[in-house]
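Two complexes come next, and they have one chain in common, chain A, joined by chain B in the first and chain C in the second.
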Partner chain A sequence: MDYALYLGCAIPIKALKYELSARNIAARFGINLIDLKCFTCCGFPVKSMDNLAALYLSARNLVIAESQGLDIVGLCSGCVATLSEAIIMLEDINLRKEINGLLKKEGIGQYKGILKVRHLAKILSKDTILEQISNNISFDLTNKCLAIHYGCHYLKPSEAHGKLEDVNRPTSISKIVKAIGAKEIDYDLKSQCCGLTMMSADESIAYQLAGSKLKDIAEKGADALIVACPSCCVAFENNQKIACKAVDTTLSMPVLYYTQLMGLAIGMSDKELGFEFNRVAFKW
Partner chain B sequence: MEESSVNVINLNQCDEEFIKELEKFGAEELKECIQCGKCASTCPMALAGLDFYIKRIIHAATLGLKDVLLEDSSVWGCQSCNRCVEICPMDVKPYEVIQAVRRAAVRVESCPANTYEGLRNLYKNGHAVFPKGFEERRKKVGLPEKPPTLVSHEELRKKFQEVLKQTSLADVAPFKLD
Partner chain C sequence: MLLSPNDAQSCLKCGKCTSGCDINRLDPSFIPHRLIHLVTMGMVADSISEYSIWKCSTCFTCSERCPQRIKVTEILWMLKEKAFKEGKSPDFVSKQSEIIKTHAKLFPISDKDNARRQKAGLPVIEEYPDGLANLRQILGDK
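Our next item is the complex of A and B:
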């Protein structure tokens, strides 16, 4: 299986543990993540400035993969949602014509609309991969209780994600947790967002949103929180101390990407999984 | 909104041109809103206790209350989570209304100070997020020092920059894209 690996802005610069673990776990399961040159930002940060410019950014990334005959696999939920939304927007013939005009000026080919964009977690949670994982467990995680934070953009807008799973009852990452033998805990605030974007309007509210979720999973006995998006990871890991303070608690809750969790279960090394970058230490 | 305890809305404030501007900026279904409040029932902004949350923002937009909308920072707290889009029974796409208000706001520089920082980075490097010192960290863990993005291709970056200059971003930016 060949895919174009779309890293986006944040991951290759701020979320190296995710990039490392994703590259290494994909390679273990025969998923060939191909680096294409010249990807840029997905366009999301300038959506609030100008829709057409944002769409141009999305489209140029789509074209770079499409012209190589590859579908895109993304790691950041925000990027995956943004690129997927662009595919729907570009079904409009007039809009596509206008965007193709800009792409022509850049000289990187024309958008045809034949590629797909998928989040890596959706690929890794396919039954064939999960079966391989279950057959290759070398590190016992059966006594671990894990809370999953799916996050907003991993699931929504559902139309852009092709309605691949129920936005209110997602199962993909749950299946990964099950396959590695750990127990997934249920918790009241499971569908609550990480709050990170709220930082622009009100920092204290942003911290409260992340803190209340961390407090909830701690009370339900979670040993770690599993995430699939670099923004959510910042909210729960980098900001953990201050977020916990905002809800009058002190916690030391490990936060792992699903890729790190899978790698851990099949005995990959700390180095391969980038554990040196995990800010909340854990000894399992 | 108004400081009054009963939040009386002065309809004389209505700016119909502003409603048209919002529709042009993507709030195409704005007038379909029936103020049922389902968006507010699912919105993290409302959950977090912001006074001026999605339902009220849309209400103000339908009434064309330009000053109210442009002076309040609440739209910048939107998580773009799309819960409102999923739940809206009238297909208003409430999130698009938020984005439309933001697009109007950035054109009068009524936005958080860091809004333009991402654009500056994006123009220069192709990455909206671009902190210093990442090369060393990448090298240390065995990844190529620079990611395989446009940041590693100067000539192609120039072509990209030329196109960006031809978009509205050049007008929106309070600095010269150069």
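Our next item is the complex of A and C:
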């Protein structure tokens, strides 16, 4: 299956381990991720400045993939939510006309509204792939207790994500954890936001959000936190020390992307999975 | 259509948006339903002067919970947009806007980043060459 790979701004710089493991695990399961030129920011940060400009940015990215006859696969939950929301907004005829006028000026073609945008985790958590994973386990993870942080934009707005899963009881990444043989732990603050998107406005709250979550999963006996979004990863991994300090604790909680976890279970190499970039070491 | 203050009109002031908000729990001075209420009263000017609008994490929990299906998160975005356009946004927003107007990305990629990528076996990412004119025009070339 061919998809246009939409990386967004953060992944190519801040999430090399995610990009590496995503590309390699996708290739393993016959998912062909194609790199296209000229993608820009998805529009998410621009919503605070000008909603039309934000929609224009989303639309031009959509058109770049659509004109190649490709659907988009995204790795960042924020990007996927923003591009998916744009698809819904562009169902409005007048708005679409206005945006297409801008796209014409740029000369990159017109938006038709025939493509789909999906998060890679939603594709990798399909039963056919998970069956193959379960049948090819070469690294035992059965004694591991894992906490999942789905992340807000991975699930919401539910309308943009096509209501594919229950916002309050998500299952896609849980199915991945089950397929690799590990145990998923439940915890009180599971739906709490990582806080990263409001970090610039109030650091102290942002750190408390990430820290309290880390503390909660540690108390419930988690061996690692599983994430699906580069911003979430920054909040819980890069900022772990200071986030823990904000809630008066010190922890050394490994943070892994679901792609790394899947690859690890089927025996892919550390290099293929980008483990050299994990900041909290773990010896499994 | 893009959102307008009218899209908040059906608010019941039930407070369900606020009671599910992680930010409100940690900072009781941030009260989403009060901001929505101000909008329904036509007091947008008052709401955009509140620094707290910038504390919203855009998690969409409130929009999912609202019994009237008001897009609370999006209304708050609309307030941020108005604040930005009236020069009332915090410094970090204008800084971000400058970066995006120059690179069409929030995190522009440097040669050093690309070298690191190549070393890891990842393809080089090219800077976006053109087409920024539209964006500058909409965002205002100040």
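What we mean here is this: the second predicted complex is superposed on the first by the 284 of 284 C-alpha atoms of A that agree within 3 Å, B and C clash if a C-alpha of one lies under 4 Å from a C-alpha of the other, contacts with A are read in each partner's own complex, and residues count from 1 in each chain.
Everything below uses one rule, namely that contacts are C-beta pairs under 8 Å (C-beta built on N, C-alpha and C of every residue); 3 or more make two chains touch, one makes a residue touch a chain.
Everything numeric here is computed off the predicted structure, so don't read it as measured data.
When the two complexes are overlaid on chain A, chain B and chain C occupy overlapping space and clash. Of the two partner chains placed by the overlay, only chain B lies in contact with A:36; chain C stays clear of it. Of the two partner chains, chain B and chain C are each touched by A:200.
In the superposition on chain A, A:208 makes contact with both chain B and chain C. Within the superposed three-chain model, A:47 lies in touch with chain B and with chain C [touch as defined at top]. In the superposition on chain A, no contact is made by A:171 with either chain B or chain C.
Chain A uses residues 7, 9-10, 12-14, 16, 19-20, 35, 37-41, 45-53, 56-57, 60, 81, 102, 105-107, 152-153, 156-158, 167, 192-193, 195-198, 200-202, 205, 208-209, 271, 274 to touch chain B in one structure and chain C in the other.
Contact residues of chain B toward chain A in the complex are 25-26, 44-45, 47-50, 73-74, 76-83, 85-86, 99, 102-103, 106, 111-112, 114-115, 118-119, 122, 126-131, 134, 137-138, 141, 143, 147-150, 152-153, 156, 159-160, 162-164, 166-169, 172. In the complex of the two chains, the chain C residues touching chain A come out as 1-3, 22-23, 26-27, 51, 54-61, 63-64, 71, 73, 77-78, 80-81, 84-85, 89-90, 92-93, 96-97, 100, 104-109, 113, 116-117, 120-123, 125-126, 128-129, 131, 133-135, 138-139. Contact residues on chain A toward chain B in their complex (touch as defined above): 7, 9-10, 12-14, 16, 19-20, 35-41, 44-53, 56-57, 60, 81, 102, 105-107, 152-153, 156-158, 167, 192-193, 195-198, 200-202, 205, 208-209, 271, 274, 276. Contact residues of chain A toward chain C in the complex are 7, 9-10, 12-14, 16, 19-20, 23, 35, 37-41, 45-53, 55-57, 60, 81, 89, 92, 94-95, 102, 105-108, 152-153, 156-158, 167, 191-193, 195-198, 200-202, 205, 208-209, 271, 274, 277.
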